Structure formats: C-alpha cells, structure tokens
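There are two complexes below, and they share chain A, which is joined by chain B in the first and by chain C in the second.
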Partner chain A sequence: MKQYQLSTGEKKFIGSHLLVAILALAVGSLFGPLQAFEHAGWDFYPYLKPFIKSYYQGLTVHGVLNALVWTTFFIMGFLTFNVIFGLKRPLKNPTLNKVGFWLMVVGVVSAAIPILANEATVLFTFYPPLKANWAFYLGLTLVVVGSWVEGWGLFMTYAAWRKENANERTPFIAFGSLVTALLWQICTLGVAVEILTMLLPWSLGLIEGVDPQLARTYFWFTGHPLVYFWLLPAYISWYAMLPKQAGNGKMFSDTLARLAFWIFLVLSTPLGLHHQYVDPGVSPVWKFIHSMLTFGVFFPSMMTAFTVVASLEHAGRKQGGRGALAWIGKLNWSDPSVAAQLLAGILFFFGGIGGLANASYNVNLVLHNTAFIPGHFHLTVATGVTLSFIGISYWLLPYLTGKKLWKPKWAVAQAWIWFVGMIIFSNSMHVLGLLGAPRRVPLGLAPYVPAEWNSRLFQVGVGGAILFVSGLLYLTVMLMTALNKETVKEEVEVPVAEAMQDPALSPVWLDRWAPWIYGALALVVIVYGPQLFDLIKNMALTSPGFRVW
Partner chain B sequence: MNTKMHVDSYERNWMIFSAVMLVLFAAAVSVAAFGLGIQVPAPEQRVDPKTVATDPNSPWSNPGLREVSPGVYDAYILAHAIPNWEYLPKEITVPVGSKVTFYVTSADVQHGFKIQDTNANFMVLPGQVSKLTITFKEVRTHNFICTEYCGSGHGIMYGAVIVTP
Partner chain C sequence: MAKKDKEDDEFRPSGTIAVLTIFVITLIAIWATIYMILVRQGGTL
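What follows is the complex of A and B.
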C-alpha cells in the first residue's frame, strides 16, 4: 500500500521550519561549549570581543536560540507534518499556517538584532528589572503569536477532518500533535500577559516600572509547560514511530498513550510555582499545592516509560531478541534515527529522576539555582528532546528533500558522541550543584570556588568539547545531506507503528476534546487564580529598568 | 462495539507502583515540611526598591547585624548590582550557636542568596523582603553567594557568615 503523499509545497513548508531550527541550533550550540570552557577556566571570550562582548551575551544567544528558537521551529514543523500525514488530508487553510510561520521568522529576527548588539543580555528567562531593548520583547511576542496562528491552522484542519470522518478515532500522531499545540495555546497566556502588560510598554517608556514578583509568576505560568511543549513531540515519536524503526514493533498501548497525553494537557500548566519555591512574595500554601500537582504530572511520564519500553521490547523480540534484556541488542542500532532516540531516552530517564528532586518542595532548597539545574535540563531538553529531534531529522530531511542521508555511520557516531559528552558534562554539573556551585556563573573566574570543585569543573569543559564535536558532526551530516547528489529511489517511508489493539476499540471519551479542555482551564483557574489575583491586586510597578551588563 | 479500556496486567502493576512511589515521595516531602519544619520562604513585607537603601526609616539604609536577645540576631542585608555587585554588609560575625534571622532585599535587579552548606537558599527581589532563620552550630565560615544572574558581575557577588567560638 502506498503511503499518503504530501505535496511538494507542503514538504517545502515543513522543510523551512527545519531550516530555521537547524540554523538556530548551529549558532546556539556554538556557544554551548564556550560556556562549558569558562567553567574549566578556558576563557575564549576575549578573542570574541569584536562580535560578542561577554560570557552573558554568549549565554543569552545559547539559551534563546537553543531552548526557544530551535525547539519551537522544529516542533511546529513536526506537528504540521504529523497532522497532515496522520489525518491524510491537506491543511484546511495553508495561508494561515504560512502567516504564522512568517510571523515567527520576523519575531526571531527582531529578537536577534538587540541580542547581537548586546542590548538584550538578559538570558532566556529575561527577568525584569533587567531591561532589554523593546525589539527583543516584541520579537518574542511575534514568535509566540506566530506559533498560535500555526496552531489555529492545525485545529481548523482537524475540524474539517472530523466533519469528513465523524466516527473515526483521531490517528495517534495527529492526536498527540493537536494536544501539544493546544497545551501551548493555554500555557503561553502567562508570558503573553507578562510581555504585553508589563515588559513591552515598559521598554517603550510608556510605564515607569514593573513588578518583578508578578513578572516571575507570569513567566513560570508558561515556563514549566514549555517543557512539555518540548517533550511531547519527542514522546509522539517514541510512542508511535520509534518502535517501527527499531524493529517493526507495534505500539503496546494506544489507549493509555492517549490517556497520558490528556493528563499532560490537564496537569502541565497548574504547577509552575514549583519554579518559585524560594520566591519571597508567593504563599507557601500554593507552593505546596503546586508541588503535589508536579508529582501528579510525573505519572503520565511513568506510563510513557512503560509503553515505550514495552513497544521497543516487542520490536526487539520480533527481530529474534531473547532474554530479559538481550532483546535490546536486537534493536536497529545501526539506523542513526534509532540510535539517537534510544540514547536520548536513556539519558532522559535520569533527567526525569533529577527533576523529581527539583520538584520536591523543600529538597529544592539544596538545589535551587545551583549548577544542578542546567545539569538537569541538559539531560531533558538538551538530550531527551534535542537528540530525539536530531534523530527524527535523520529520516525527516531525506523524506522532505528526496536526498539520501549522507554517511549514516557518521550520524550514528554523532549520537554516541553526544551521549558520552553529555554524561560527562551533566554528571559533573549535577555534582557541582550538590557541592553548592551556582548556575549562570563562569565558575573558572569566580572568587569563591573551593579547590574541591576543580576536577569537576575540568570535566564540564571536557564534556563541552565532546559535545562540540558531536554538534559539528550533526551540522555536517545535515548540510551534506541537503547538498547530496544521491537521491532516494522511492519516497522515504514514514515510520508509523500500528497499535497492538485496534484504536477503534478504545473508549470514545479519549477522543472527546471539550471535557479535557474545560478540565484543564478549570484547574488552572483554581490552582493559579487566587495567587495571581492576590499579586495583581497588590501589584506595585515600582522597579525601574537596569542595564547592568 | 465493545470499547472497554484495555489495560495489560503488567502495565496495571506498573501504574500502581508509580502511584505508590509518588505518594511516598509526597509524604516524605510533607513530613519534612510540617513535621521537621523545613520550610520555604513566605511573604514577609513589601518595600519600595527606589528608597529602600536611602530612606532613614528603612532598616536597609543601615544594613547589618542587630542583636535581639543573647544569641538571637536579625541580619538586614542589602543586595545590589550597582555599583559593584555586592551584599551590604559583606561579612557578618556571630558566635557559634547563634540563631540568625535574615531579612534580605535588593536595591536594583533580582539576586539570589545561598548560604553554603545550610538550607538557606532563596531569591532576592526588588520590592520584596526574603526572610529565613538559620542556627549556626559549627565554628567555620559559610560563604553566601548570589545564585541569580544580575548582570556582568554576578559571578563575583558573595559575602560570608563568620561563626566564631
């Protein structure tokens, strides 16, 4: 049976997302190792003075491009692909999606100019009263609004499909993508309100000051579900694509996968206060409630771990794997897309465990804003998510362009080098954090560093160097693939794993949107409402802006 | 059509295990918070960041250590990025066994305040006062360091609690 064909225009549109994403990763990742080298005391920034003025300008470039631009563009492209391919129908209104994409591009340019001019060295959290140039805030707004518009395009496409297929279950890859886009619409309200009511008018000189505590609360309303916006597309691939690629496996439980996505939609926003456990102006009662809900959102990740591993085991046994663990060796490790995603999943598991420590209310006192935190999120977003996206791109780019992947063995090596580099980097960052080392400090130059940190700081540098090699290798493979003269004979097969049980037999309530959406909104109002109401009622716009970099 | 929820028995057991584990973690955190009293900061007081360092009625116009009763102290500490990324005072000295309540605020941007090897670790925001009490039981020096990006001098911003015999 021939697979559903995307038009050339659709492939180009998705490919443009991939192009912007990889360009952002190329520049952003260049600065990653420079941060790591600073920890080891290898200071390269003096040589960059003509372009980049400081460690913190470099760190802003790294954080904004990698955590915000690479992820958002890759995700919107991947979701668009999944909706079209999953529903087997073109976008309802492709112009709307194009408008969304171009808004995002204009936003990135608008934010990049002040960052490169050293007028927005505020890191990717941009906590006021650090005050960036207005174009930075405007750019971020346009990126978010553009992603909303693209999301609306996907919802309209779903609505049209639903009319044509009243009794069908939504195919899983489309279902998961729509939930991800929906989650993003809800959670970005926080940062939208922060920028539009405070930061943008303030940077334009229309208001005198801001309320830093309220701004943080708006920010983290978006900041934690942002993590799930990154993660869920990787989960879609792990659930429904990876088992197929790894050995023609089936998805172990389609029903529970859907349930997990709904729980993510409901629980991922009303827990942002767990980033503010040690904020002075937030009630400990609400902090505690958010900590309990944070434990709750760990549950669907545990469900995911089971289903994904069970589906992979199915693949491994199908390839003749035996024993309790020996089937792992039978998975298709020579496929770079498989190797990258399996290795990403392994490190993500440890990232998840560290995340539980961060989430634990008072345990966080030991870890808050230490090097443990970047250590943690380099296992989650920088490996679980990023290395998975890299893995996806190893089949997606050949699929979109019709070009053969350039030197697949090098691509496999790239994934392993990332894996090794990240273990060294992240392990030493975790240990440093437990020893008390703060985050966001070039520790090689800090005056208070005790001798016992030195060997770990050196390892951070070594890990960064290894990751740099892996990053360069990835960019080389992507570039050479795009330029490859060798084309694929037939269109690359899109890996979609069937479910073991016919999805048509799953309960109807797992395909109803309204109750879940109302539930999610209601929980947000209940769990965020009182604290936000209190902070807004007592809002004091007393902090003028500072440019202290 | 039969659309019952199908859950494999291994999977059901895994879900029960996950739920029990998470409940145990939540219980451990709750016991630590309410049984052992390991608490996080609570809203204390709001101030005007523009005048907090200069208004003569503000304790942070004259930051430092005040003895409340023998062995019990209040420490008013001001964090600022301008002009040179420091805490005022840079050092406080207390005898071992002292119970010190810290009141920390910022005169400009956001900062952090982490006293090494203690449970004191909190954000310092302009307009807000962060309060936490610590008893110093060991003769040693604890550095306190800034844990939030506050401009180019973030990495040099620190001070110390010197605990004397």
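What follows is the complex of A and C.
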C-alpha cells in the first residue's frame, strides 16, 4: 500500500525545524568539549577571547543551544511530521504553525545576541538573582510562545481529523505527539509566569528585585516535565518506529503504550520539587509528596521499557534470533538509525538508574550540587534523547530531501563513537560526584582538587574529545546528505510499526482526552497549589540582580 | 487494520523478561553501591 504523501511545502516546513535544530546543536556542541577539556586541565577559553569571555559564557551557550534550542526545534518538527503523517491529512491552519515557527526563530535570535555579547551568562537554568539582559528573557518567552502556537495548530488539525473520523482510534504516532504537545502547554506555564511576572519586568527596571525562591519553584514546575517533553518524542520512535526498522517487528502493545503516555501526562508536572530538596523555603511535606510522585513515574517508564524491548524482541525473533538475549544481535545494527537509537536506549537504562538515585531524598541531599547530576543528564538528554533524535534524522532527512544518506557506515560509526565517548565522560562525572566534585565549577582552575579526582578529570576530557569527534561526524553526514547529488530512487519509507493487536480493540477511554487533562490539571493544583500559594503570599521582591561574570 | 498473525499469538517475550530482570538487578546494585559509598563517607561530602 502506498504511504501517505506529504506535500513539498510540508516537507520544507518540517525541514526548517531540522535545520535550526542542527545549527543549534553544531554551535552548542562546540562548547561541550571545551567544558570537558577545562576539567582535564586543557583550558582553551583564554584563546577564545574576546569572542567568548569565560567558562560560564561557554557553558551558557552549550546549555541553551543544546538543551533548549536543539531539542525544542527538533521536537516541534518531528511532532508536526507525526501528526500530518499519522492522521493522513494536512495541517488545518498551516499559517498558524508557520507563525509559531517564526516566533521561535525570532526568540532564538533575541536570546542568542545577549548570550554572545556576554550579557546573559546565567546558564540554561537562568536562576535569579543572576540577572541577564532583557532580550534574553524576551527571547526565551518567544520560543515558548511560538511552540505553544505550533501546538495549537496541531490540536486544530486533530480536531478537524476527529470530526471526520469520529469512531477511529487516533493513530499512535499522532496520539503520542499530541500528548507531548499538550504536556508542553501545561508545564511551560511555570517559566511563562516566572519570566512575565518577575524576570522580564525586573530586567527592564520596572520592578526593583526578585524572589529567588519563588522563581526557582516556577522554574522547576517546568524544568522536570521538560525532561518528558524531550523524552516522549524519542519514546514515540522507540515504540512505533524502531521495531519496524530493527527487523520488521510489531509494537507489542498499543494499549500499554497509550496508557503510559497518559500517565506521563498526569504525573510529569506535579513532581518538580524533587529538584528543590535542598531549598530551605519549601515545605518538607510537599518535598516528600513530590518525591513519591517522582517514583510514580517509574511505572510508566517500566511499562515503556517492557513494551519497547518486547517489540524489539519480536523484531529480533523474526530475523531468526533465539535464546534469552541472542535475538539482540539479530537486530538491524547496520542501519545507522537503528544503531543510534538502540545505543541511546542502552545508555538511557543507566540514566534511569541514576535518576532514581537523584530522586531519593537522602541521596539527593548529598549529590545534588555535584558532578553526578551533569553525569546523569548527559545519559538522559544528551544520549537517550539526543542520540535518538540523531538516529531519527538519519531517515528523516533523506525522506524530507529525497537525498540518499551520505556514507551510512560512517553514520553507524558516529553512533558507536558517541556511545563510547559518553560512557567514558558520564561514568567519570558520576564518580567525581560521588567523590564530592561540585558541578557548575571550572574544576581545572579550582585550587582544592584532591589527587583522587585527577584521573577522573582526565577521563572527562578524553570522553569530551571522543564526543566531539562523534558530533563532527554527525554534522558531516548531515551536511553531505543535504548536498548529496545522489537521490533516492523511491520515496523513503516512513518506518511505522503495526501493533500486534488492532488498535481499534484498545479501550475507548484511552482515546478520550478530557478525563486525562482534568486529572493532570487537578493533580497540579492539589500538589503545587498550597506551596505556590504560600510562596506567592510571602513573596519578597527584594533581591537585587547580580552580574558575577 | 493490523493483521494478526498466528506467530504474534504465540509470541512470548521471554527475552524481554530476561532483559528487565538484568535491569532491575543492576538498578538495585548501583543504587545500593551509591548509598554505601555515601554512607562510608559519613553521609556528607
């Protein structure tokens, strides 16, 4: 059966997201290895003056471009593709989506100028009382608002599809994408309020000071579900695309997959206080409740692990795999898209384990401000998510451009190099954290570094160098693919795996939106309401801004 | 509509159970190791 055709305009629109995302990754990734090299004692920052003035400016560029811009643009492009392809219909109002996209682009430019001018060296968490130029906050606001507008365009498209298909189950890739867009609309309310009511007026001189505790609480309202905004698009691919690519496998359970997405929607926002265990202004009772809800997310995570691995096992056995584990070797490892996503998944398992350690109150109190945390999130966002997105781009770019992927074997090598580099980098960071090395510190300059850290700091540098090679290789493959004169003979097949059981047999309540949305909002109000009420009631806008760079 | 094959009916994800069992054992081992390291250091860094 011939697959649904996207128009050239739609492909260009999705490709524009990919272009901005990859440009952001390219610039942001230049600075990642510089942090790692600095830790190893190879400080290149003095050579970058006057363009980049400090370690912290480089860290801000790295964090903002890689954690916020690369992810958000890639995700919005991928969600748009999934909704159009999944629902087999064009966007209801493409102009609205274009407005959203351009708002995001203007936002990125607005935030980038003060960052590059060293006027917003506040890291990607932009905690006050560090004070950036107003254009930085305005830029972030525009990125978020633009992504909302794009999300509205996707919801309108879904509403139009639903009108025409009243009794159909929402195709899974569209369903997962819409849940992700909805999660984003709910969770970004935190940073929206933080910026619009405090940071932006403060940076414009309209108010004298800020309340850092309230600002941090708003930030983490968004900050943890942001992780699921990053992860769910990767999960969509792992659930519904990877099994097909890995060996013509089927999705093991459409029902479990949908249920997991709904639970992520409900549980991912009301748990942000587990990032604030060490904050004195937050009640221990709410910290405890948020920690329990954090462990609650372990359940949809395990449902995801079970369904994805079972779907991959189905693929492996179809390719002749036998035994308890030997089927893994039969998966289509020679496909760069598959290799990248499987390797991302393997390291993500360990990222999940570290996440449970972070979520444990007593362990977190000791580890919170150590190198353990960046070690952890380089396994999750910088590998589970980023390496998966890289894998997706290995089929998505040829699909969008009609160009053959340039040197697929190099692309496979790129994924393995990333895997090896990240093991060395991340393992060293975790161990350094356990040894007490602080995070957000140029350790290469620190006079208090004990001898037992030295070998690990060296490994951080080695891991960073290997990751740098992998990043360069990825950018080369992408660039050469875009410039490739060799075109694909037939349109690239979009890898969508069938479900083993007809999705029409999934319970109808898994395709009803209202109860889950009300449930998610109610839980947010119950679990965040009292804490926020208390903080707002006692709000003290007294802290002046600091510029420590 | 998805086609339901006989082999799909017979598919039992035994390998998945093996993978997840290894994962859970690894999780417990790593968590306990982290905890013991921190306790050995006196609960502070």
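For this structure, a couple of remarks:
By our rule, the second predicted complex is superposed on the first by the 549 of 549 C-alpha atoms of A that agree within 3 Å, B and C clash if a C-alpha of one lies under 4 Å from a C-alpha of the other, contacts with A are read in each partner's own complex, and residues count from 1 in each chain.
Quick note on the criterion: a residue touches a chain if its C-beta (ideal position, glycine included) is under 8 Å from a C-beta of that chain, and two chains touch if they have at least 3 such contacts.
Bear in mind the structure is a predicted one, so any value in this text is a computation, not a measurement.
In the superposition on chain A, the chain among chain B and chain C reaching more residues of chain A is B. Contacts of A:56 after superposition: chain B is touched, whereas chain C is not reached. Legend: residue contacts after superposition of the two complexes on their common chain; A:4 is shown touching neither chain B nor chain C. Touch criterion met: A:356 reaches chain B and chain C at once.
Of the two partner chains, neither chain B nor chain C is touched by A:518. Touch criterion met: A:255 reaches chain B, while chain C stays clear of it.
Touch criterion not met for A:533: it reaches neither chain B nor chain C.
When the two structures are aligned on the shared chain, A:498 is found in touch with chain C, with no touch to chain B.
In the superposition on chain A, contact is made by A:313 with chain C only, not with chain B. In the superposed pair of complexes, A:325 makes contact with chain C only, with no contact to chain B. Overlap of the chain B and chain C interfaces on chain A: residues 252, 302, 306, 310, 356, 360, 362-363, 366, 370, 436, 501, 504. Considering their complex, residues 54, 56, 123, 125, 127, 129-130, 211-213, 216, 252-253, 255-256, 276-284, 287-288, 291-292, 295-296, 298-299, 302-303, 306-307, 310, 356, 360-366, 368-370, 436, 438-443, 445-448, 501, 504-508, 538, 540, 542-544, 546, 548-549 of chain A touch chain B. On the side of chain A, the complex with chain C involves touching residues 250, 252, 302, 305-306, 309-310, 313-314, 316-317, 321, 323-325, 327-328, 349-350, 352-354, 356-357, 360, 362-363, 366-367, 370, 434-436, 498-504. Chain contact summary for the complex, chain C toward chain A: residues 1-4, 8, 11, 13-16, 18-20, 23, 26-27, 30-31, 34-35, 37-38, 41, 43-45. Contact residues on chain B toward chain A in their complex (touch as defined above): 1-8, 10-11, 14-15, 18-19, 22, 25-26, 28-29, 32-33, 38-44, 46, 48-50, 81-82, 108-110, 112, 114, 116-117, 119-131, 143, 145-156, 158.
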